[in-house]
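Below: a set of structures, written as structure tokens.
What follows is a pair of complexes built around chain A, which joins chain B in one and chain C in the other.
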Partner chain A sequence: MTMVITGLGTVSPAGTGTDAYWAALVEGRTLLTPIPDVGARGYPVRLGGRVPGFDPYEHIEGRYVVRTDAFSWFAMVASDEALRDSGVDVAADPYATGVLICSGSGGNEFGQRELAALWGRGPEFVGPYQSIAWFYAASTGQVSISNGLKGMCGVLTTDEPGMLDALGQSRQALRRGTPAMLVGGSDAALGSPFALATQLGSGVLSEGGDPGTAYAPFTEGACGFVPAEGAAVALVEDAATARARRARVRAVVAGHASTFGGVGAFDPGGEGLLRAAEEAMRRAGVGPEGVDVVFADAVGLPKADADEVAALRRLFPDGVAVTAPKAGFGRAYAGAGALDVAAAVLSLEHQVVPPTPHVPDAPLGLDLVTRVARPARLRSALVLSRGVGGGNSALVLQHPDHV
Partner chain B sequence: MAESRITIEEQVELISACAGIRTDVETASSQTFDELGVDSLGVLGIVAEIERRTGLKLGADAEQAPSPAALMALVNGDVPAHMEGA
Partner chain C sequence: MKREAVVTGVGVVAPGGIGAAAFWDMLTAGRTATRGITLFDPAGYRSRIAAEVDFDPAAHGLDEQRTARMDRYVQFAAVAAAEALADSGAPLAGVPPWRVGVSMGTAVGGTTRLDREYAVTSRGGADWVVDHTATAPHSHLALMPSTLSGEIAELVGARGPVRTVSTGCTSGLDAVGYAAQAVEDGLADVVVAGAAESPISPIAMACFDAIKATSDSNDDPGRASRPFDRHRNGFVMGEGAAVLVLEEASAARRRGARVRCRVAGFANHGNAFHMTGLRREGTEMARAVTTALDHARRSATDVDYVNAHGSGTVQNDRHETDAVKRALGEHARRVPMTSIKSMVGHSLGAIGSIELVACVLAMDTGVVPPTANLATPDPECDLDYVPVTAREHRTDVVLSVGSGFGGFQSAVVLDRGE
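Now for the complex of A and B:
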């Protein structure tokens, strides 16, 4: 079976829709903004990659808005775009489409509001939708309910690599009788103090206030990353299914692998990341010469960056183009790996490598694409992602003409 | 008891605030919660808000009310229910 992406949707700090996302990526636009409502409470984090001007009622039926947190709104809007883009006729067979949307820490903003009501005013002031809105599976559930999708559904919570792992899992779902899967990751960590508080203890967030330097991976000034919010969702199916319904194939999901590198902020030493990348490439049937661009994890912490560079040198002794467009908008937890997957699909499609914003020069002997986008012949892209706690995932995507 | 009564206009407002569904007096008067698209958790939220506004304890009967009209009848004492002043 060859798994292909035939639909794509994003909600990002560039706004809603993949067109807006790609336009910002190619420009290397800075999308980090102050988060004053959180900073005013004495939090050390000052910048965030927020989805600008997002009014859920513009995109989602009211009855779904009141029962969901922002992380589900983003998932629902990205899923709608992916479904539309795919052209799948959901109503023709509700059991033919499933949902697997990854979550980072659930519905924090909704949860904080209801918990404040509980402790501040009493149990009778807690809305009943708290029972479902905070939950990790809420996004998958509401995407399923609002679109009437009755295929295999699930949720993965593997921090940032979530969508990469969900794509790996979807292969099984396709084999087991759900011919199309909506797969993605979504998070909204900036909406409330509680959401951000859950992240502070990890010690990986940048305290910088200058959008130009706060998140500058692979540089000497690297001081952590800026948190962001957003979602990306892809519709995947077997190539034969896509062909039969004359769908446009946007990318081939050629290989996935994940490893666990041991407890720690990030896989210490990068061995686990290296192993995941090697295995994903093996499964995709590509060697180092077959990979044309790497979407790096680019945590923005000196040790984690050095580990990744070492892994890249081992994987690609002759060098490879590397980029980290998320330096422009931050890391959106479960949305981070997902937005990188979307960036890789768009990059293959446009045959352009978007630049790494805020990194003026390629450091550490890396062929990092900086300053301006680079047109290139792109057959395959490798996406790397690490999660807090030691998870590592790698995904190989290919241009449909080069499989 | 006047302040413990609710009107259909209030229900229209509560259906919007608690369940996110816009409706009007005529529709809310004649349709069931199900037909309006209000799920069981939505009804729960509406009942809780009515309890706060009126000071009444409506109990499980109210949560099972099939329609805004039935719920209104229950709250306004047109149907016997387990009501206690709060």
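Now for the complex of A and C:
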């Protein structure tokens, strides 16, 4: 079975929609802004990649807006775009389309409001929607309900790699009789100071205050990453199904693998990412010469960056173009891997590698695409992702003409 | 040859019974573990009862370093995983770590710790921008439920696919279903699968108070969880964990493992209707059952025992009764269908795995656990729920169903293989 992407949607710090996202990526735009309120309270982390000017009522029916957190809004809006883009007629058979939207930390801002009601006023002031807005499954549930999708429904909470793992999981669903899956990752933690506060002790967030240098992976000044919010969703289906309904194939999902690198952030063992990439490429049936671009994990911490560079050297002894567009807008937790997958699909489609913002020169002997976008013949892209919980995943995407 | 996933070991931490033996003893005796909440002061709450685990981490070999890092639900999982591995023999001997996976479910993860942290850092809800200097060192782990599967992976030495599954109250079935699929599809040879939850916290109790989903039989906690009974009035919150060791069938037989059962079929569907509401007809749950039976290559009449979701809400019990009738037809009236939530409460994401362990033990022992507290059946619920007293009953094919917020409906079929 060949699994293909026929629909794509994003909500990112570049705004709503894949067109806005791609435009920002190609220009290498800086999309990091101060997180409201927390600087005044002395939080050491002050910058974030926020979705600008997002009014949920512009995109979502009011009755859904009031019972959902921003992480579900982003998932719903990206899902709508992906469904429209795919042209799938979901009403024809509700069981034909499943949903698997990953989350890293759930409905933080909604949750914090209700926690405030509980502790500030009393248990009877907790609202009826807390039970359905805060938990990790809220986005999958609302996307299923608002679109009438009754296929296999799932939720993985594997941090940044969530989307990559969801695509792997989708293959299992497609093999077992769900013809199409709406797959994504979505997170929105920046609206909740409490969610941010819990992470400050983890030592992985950048404390930089200058958007131009705060998140500069693979450089000597690397000091962690800037947190972001956003979502990407893809509609995947079997190539034969897509062909039968004359759908536009945007990319082929050729191979996925995931490994565990030990308790701790970003593959503490240092070997897991390499292993995941090797296995994903083996499953995709491509060697190093067949991969034309790598969307790096690019955490922006010295050890994690050095591990990734070492893995890339092992995987590609003759070199490969590497990019990390997320340096421009931050890491959106479960949205991070998802937005990287979306970037890779768009990159293959446009035959252009977007640059890595904020990194002036290719460091550490890496062929990192910096400063300006690079047109190139792109047959396959490798997407790499590591999670704060120790999981590593790799995904090979191919241009449909090169399968 | 087609790869199949078999269960070779189980472990459980349940209210009223830590370890499979104590758990099974309790269930087959029909004892209930529901009681007044002791984990926090529930004064002012509508529902002040829960099924709690009397748990001393040190007694289970968890040192202070681990207990500081691991939230309560992760500790439960660690103890259940250790038991499951020991029960299984040596499932990992000779298996490369890259071929060992972990698939653990949880609905609300570290929210109990987050709730506590929030109360402190916000000065009792006074500050929106909380005092970040007052957070505990490991609080970021509470924010990300991936820590559950990570800790279990570390414990067992897994380096393959490691996932936390969080589909609300079907997480415990889905995590095991996905694990079986991973084995079948060759993504791993051994998967340690299960689920854990410790939701007995102010915020979780307040959440369910707000929608009156939980029972307010505070004066009679031992009889508060009454699935399928006319006088039921909601579910009783529970906590706990269960872990099953899944192996590729031929490898398990080669090493001489005691094969307890096969994970023969699994399916889940969204009802695409409502986050908490259920349509009476149960069409989507019935469809999940039928799909799971198809995957198992079993017919409806092969099912010997149905482990019900049986949460004890009016809409669930009727929905589920109709769904099982729809899926199994006339056979539904001949097959025992019981809810252990009557005894151990509803531990949200964990309960699906705890129920699967009960199913394995039912197959092992030829006994079906009862539905406790079922004195006056709801006339709308007219199946054989095995009231009050356990029943000797040979079981070769089990169906376990689950239903959760988000509209998710899951079904797992266990059998003795073909």
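Criterion: the second predicted complex is superposed on the first by the 402 of 403 C-alpha atoms of A that agree within 3 Å, B and C clash if a C-alpha of one lies under 4 Å from a C-alpha of the other, contacts with A are read in each partner's own complex, and residues count from 1 in each chain.
Everything below uses one rule, namely that a contact is a pair of C-beta atoms (placed from the backbone, for glycine too) under 8 Å apart; a residue touches a chain by one contact, two chains touch by 3 or more.
The shown structure was predicted, so the numbers you read here are calculated from the model rather than taken from an experiment.
Overlay on chain A: chain B and chain C fit together in the combined arrangement. If you stand at the C-alpha centre of chain A, chain B and chain C are 60 degrees apart, rounded to the nearest 10. Residue contacts after overlaying the shared chain place A:12 against neither chain B nor chain C. Touch criterion met: A:67 reaches chain B and chain C at once. Looking at the shared chain after the overlay, A:198 reaches chain C, while chain B stays out of its contact range.
Contact with both chain B and chain C is seen for A:124 once the two complexes are overlaid on the shared chain.
Applying the stated contact rule after C-alpha superposition, one finds that A:370 touches neither chain B nor chain C. Chain A is touched at more residues by one of its partners, and among chain B and chain C that partner is C. Of the two partner chains placed by superposition, only chain C is touched by A:258; chain B is not. Between chain B and chain C, the shortest distance over C-alpha atoms in the superposed arrangement works out to 6 Å.
Overlaid on A, the two complexes show chain B and chain C touching the same residues of chain A, namely 67, 124, 127-128, 131-132.
Within the complex formed with chain C, the residues of chain A that make contact are 37-38, 40-44, 67, 94-95, 98-99, 103-106, 111-112, 114-124, 126-128, 130-132, 134-138, 140-142, 144-145, 147-159, 165, 168-169, 171-172, 175-177, 189, 193-202, 257-263, 272, 275, 279, 387-391. Looking at the complex, you find that chain A touches chain B at residues 61-67, 124-125, 127-129, 131-132.
For chain B in complex with chain A, the touching residues are 16, 18-22, 37-39, 41-42, 44-45, 48, 51-52. Remark: chain C residues 44-46, 98, 102, 107-109, 111, 114-115, 117-119, 121-122, 124-126, 128-132, 135-140, 142-147, 149-151, 153-154, 158-168, 174, 178, 181-182, 185, 187, 202-203, 205-211, 213, 267-276, 284, 287, 291, 295, 404-408 touch chain A in the complex.
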